[in-house]
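First the structure, in the form of structure tokens, and then the observations on it.
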Amino acid sequence: MSTTVAVPVETNYLTEKQGILSWLLTTDHKRIGLLYFFSVTAFFFVGGFFAVLMRLHLLTPQGVIVGPETYNKLFTMHGIIMVWFFLIPSIPATLGNFLIPMMIGAKDLAFPKLNLASWYVFMLGGAVTLWALVRGGVDTGWTFYTPFSTTYSTTYVVGAALGIFISGFSSIMTGINFIATIHRMRAPGLTWFRLPIFIWSHYATSMIFVLATPVLAITLLMVCFERLFQVGIFDPALGGDPVLFQHMFWFYSHPAVYVMILPAMAVVSEIIPVFSRRPIFGYTAVAYSSVAIAVVGFLVWGHHLFVAGESVYSAMAFSFMSYLVAIPSAIKVFNWSATMVKGSISWDTPMLYAIGFLGLFTIGGMTGLFLAALGLDVHVTDTYFVVAHFHYIMVGGAVMAYLGGVHYWWPKISGKMYPEGLARLSALIVFLGFNLTFFPQFVLGFLGMPRRYAAYPDEFQFLHVLSTAGASILGVGYVLPLCYLIWAWKYGKEAGPNPWRATGLEWQTASPPPAQNFDTTPIVTRPAYDFEGMKEELHLG
Amino acid sequence: MADHAAALVREHFSTAEQQRETETLGMWIFLATEVMFFGGLFVAFTVYRMYYPQAFGTGSAGMNIVLGSINTAVLITSSFTMAMAVHSAEVGNPRLLTLLLIVTMLLGCIFLGIKFTEYYQHFLEHRMPGVWFDYAGPAASKVQMFFVFYYFMTGLHALHMIVGVGVLLVILGRAMAGSFSAGYSTPVAMAGLYWSFVDIIWVFLFAIFYLQGLHV
Amino acid sequence: MSASSVAGEFNWLFWTLVVVCGTVATAIACVVIYSALRYHRKNENELPPPLPSNNIRLEAAWTIIPFFLFMGMFAWGAKLYFDIERPPDDALQVYVVAKQWMWKTQQLDGAREINQLHVPVGQPVKLLMTSQDVIHSFYVPAFRIKQDVLPGRYTSIWFQATKPGKYHLFCAEYCGTKHSGMIGWIYVMERQQYQHWLQEGAAEGSLASDGEKLFHQFGCANCHHFDGQGRCPNLQGLFHSTVHLAGGTTVLADEAYIRRKLFDPRATTVEGYDKDVMPDFSHQLTEEDVIQLIAYIRSLGPAPGSTIESSPGSTPSQYGNQPGIAYPGAPPILNRTPGMR
Amino acid sequence: MAQPVVPKRTYLLAYLVLLALLLLTTILAYINMGPFSMVIAILIAAVQASLIASFFMQALYESALVRVVTAGGIVWFLIMMTLVLTDYITRGWLPFPGK
């Protein structure tokens, strides 16, 4: 460690080369991670802006700001941007890109040029989608259900679908890169069971990227084909079956949910041990459960189709599988909780986010059990119950973990500390605002409020107002980190290589790291999270 | 020769062997995504084929089985010459490599030529779904659906072929510039994997589109 | 608000899950909050005393116990689903046609309704539904039922209202601009009131009589004679009977079969008849017309001596390939003939 | 180092078998086997595909990991196929429209 600290600060990855071209043509995984970071942040606030407009609109039963056409476009674009241009690339392409080579002691990902290409493809897809948005938007819902999307919608379906199709290739490239890297580029001594859980989870995520994304690509291509040439693939008027579209769409889109949550679990699995100073409880179970989620996650998509015209027997099989996939998630939650018992728990911001994640993910996961129960799903599916459920997973789970991860690795990425007090405050605001926004939506759904309604019966107004109030608080909670992290980039105090006294390899090099990550390839002799074994180095005890 | 190979190891790999293994692995993972890419179409095709066997049989009867078989033979041959090209790269025979790459590309172009001839014949028979489709018999919309899948799947396959020819052009250029040796021939092997994979897809397309139409 | 025969069990299951999940979630929250407070880091260099970082028995317990809990939820949910999906035999038949953005409902004898449906309390009601354009979803929160309504095929759902009153009907599958306007009311009435309502509507004529008009207007009667001497099968007694098709398979003549005969006539041919006689009506009939024709054929009564209609639930094997897009001549596994089970 | 692991003879043999199988499947297409014609055509195609993958693509000679990846692609395709067909095959097992 002492040798790495001696490296002059001038040669870190941020300062080694200067100029805009050095960023646009970089093949350094850390810089590409940052390029992704800036892009998804921008997309997040675009998608968030749509969400704010929607919540404002729903203050009164008849809607206050926009007409139904615009409202429909708002929720569609909110969904498309948040799912494909924020959530899916969020953790893997930013933190994953930045950290995977460092965590396994490699100089870079296996295919650095492919990595850069993935960012360009992502941006191209984003540009095409935004172009469709500027031209007038899309109103099909992010799910593109046929025959509405292929025949009846008069909006820019092809543009939006093409944008998603293109950006899908960036996911595939990232997935190929991660799998090859994790298999072939590990430092000497770094066996599979010495890997941080972060790597296991990203490995599982990459499996989904590689095996599910192409199915979405081909499905959207068929939708475009059908819409452009007016031929029958899914259109019942021409012999097609719209339910087949739903099967193919959800074959990708359900595993895609695990693309969003597995990396979040990855982040939390790093934060909790470090801020409890205790190895993760039941390492093997947590590691395998990531892979189990990825594999079994492919067998459950039909639970989106329980009332869609799927056969009853098929629905039963999918319901059964859905309960099976809940088990590895449950195991993880229990193991994280057990890790904290009798630890040395710090209340730093990343840990606050991790604890928030634990609570919200538990609620989100458990309401998933309601939706997997066939008889209950009939009532609550396609209502605000579902909306609340997946926001608890994706916002309460994935975004909380993402923010936690950004704070945790911020010292490594920027070399500077963020303002701790302000950060804790914003973590609290996010937690409270989130619950106020989405908990009322569970109640709304149970009472029968269908989703995607631009106007609603009067009796639902009170809960909608609560939800909108919560959204305004949540918005503040998201803008705050944006401001103070930018501030901290320039004015934060120097972090030093290992401010959290963490055990991972990424903390054994300078902050910010040198372009080659490590001066000499590290040799690993310990399991992950071995605080006891590293207590001399970390000055603990 | 070993020095030459070592010079081509990128800086983030420690050995040429690690680089070769990683690149091979990456290529195979990519092929797995391609399986799923075409797989979605095969699933959709299977569902409709199960529901509309008569109409799909009628559609299949419009295929030219002779041209289809010849084309399959052409493609299998090209896959063979490609495998031999990889072999000659591995043993360090650049002249044979160049020759075999050219033959492979030519066979690929012959395949595409025959394929587009078939398309042209279908066009003359008014079998262009949506824009130029005219079929008087029963269940016309389902026969049309057969052709939708036919064009979509063979078209996507042809696109892969065109990309493959492009890739081989690049490889050919590098081979003629003497970039490959017995110690370093991974790009040739990668291109070979891709080429043979596209051949595999065709073998299935041939089975589902061409071979079912003679007994409707 | 819950007002149907399945709502009670739904609420039981729902609140049981709330209690089970709530208990577990509270337990997790207690462990996490207690640890965060009790073991809060006291000084910067603190390292907690080493503990075993795994415990096979504990981990096995929290794998196996959730598994059994989940299987319980699965079984109960599946049982309730079957109750929601299978109508009783004596259910009142209602036809629903959805289109952007309205619900059209009609009973065998009763007025045509738009965005509303009047039904008697305590009577099972089964809905046969189709859409004229995009996918809609028939959702009555108070009854705890929902079923997507698809274009090009029939789907069904049933309910039995337990309390008189008026209940929201929502479209729950996004269907375009005025999706949120595609709402209506289900009026659940006492039996007497319902009878009264039926008589008020009777002036318009029944569904079957409308169907009869269409039957003559489109010249169906020219071939389908009732004496069995026509070029085409006698439709008397057709409904819910087993039809023998050319090629040796059989199919149950339900609504989906009749609809398919009108829209895709050459998909199936009745044994002993010419396959080219029946014209394709897919460009002439609307979904509502088809339902009127079905009601008319249904009103022609069961075949003499047939008992099939009284017990449709007990003869599942007689149903051929059921869904709207099914196509006989498909592989044997699809054409389930009696005795194959 | 990349060694020429597959002998030329093997390539030639595989090529000849592939052509023979093509001839076989084309001839079989002229025989009416009803629904089995598709099954047999797919089976022969699968044999051809595995020959190409095993020898031309050297899958047989690659590391276990590569074989696992290949198997993964095929297994996932079969998962998609099986579960989608589960729906289509069981539709109509319950005697109510759309169940």
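General remarks:
Letters A, B, C and D mark the chains as written, and numbering starts fresh at 1 in each.
Just so it is clear, a residue touches a chain if its C-beta (ideal position, glycine included) is under 8 Å from a C-beta of that chain, and two chains touch if they have at least 3 such contacts.
Since this is a predicted model, take the numbers as computed values, not measurements.
Common neighbours of chain B and chain D under the contact rule above are A, C.
Shared contact partners of chain B and chain C, listed by label: A, D. One simple way to say how far apart two chains are is to compare their mean CA positions; for chain A and chain C this gives 36 Å.
For this pair, chain C with chain D, the centres built from the Cα atoms lie 39 Å apart. Residues of chain A found to touch two or more other chains are 183, 211, 215, 237, 239-241, 243-244, 248, 251, 309, 312. In chain C, the residues that touch at least two other chains are 85, 147, 150, 153, 155, 323-326, 331, 334.
Multi-chain contact residues of chain B (touching two or more other chains): 21, 25, 29, 32-33, 36, 39-40, 43, 47, 50-53, 139.
In terms of inter-chain touching, the protein chains here all touch one another pairwise.
Residue ranges on chain D touching chain B, taken from their complex, read 1-4, 6, 8, 11-12, 14-15, 18-19, 22, 25-26, 28-30, 32, 34-35, 37-38, 41-42, 44-45, 48-49, 52-53, 55-58, 62-63, 65-66, 69-70, 72-74, 76-77, 80-81, 84-85, 88. Taken together, the chain A residues at the contact with chain D in this complex read 183, 207, 211, 215, 243-244, 247-248, 251, 298-299, 301-302, 305, 309-314, 317-318.
Across the interface of their complex, chain D is touched by residues 5, 16-17, 20-21, 24-25, 28-29, 31-33, 35-36, 39-40, 42-43, 46-47, 49-51, 53, 65, 69, 72-73, 76-77, 79-80, 82-84, 87, 90-91, 182-186, 189, 192-193, 196-197, 199-200, 203-204, 206-208, 210-212, 214-215 of chain B. Put simply, chain D touches chain A in their complex at residues 65, 72-73, 76, 79-80, 83-84, 86-88, 90-94, 98-99.
Chain A contributes residues 68-69, 72, 139-141, 145, 147-148, 151-153, 236-237, 239-243, 276-285, 306-309, 312, 315-316, 319-320, 323-324, 326-327, 330-331, 333-335, 337-338, 340-347, 355, 358-359, 362-363, 366-367, 369-370, 372-379, 381-383, 446-448, 450-457, 531-532, 535, 539-541 to its touches with chain C in the complex.
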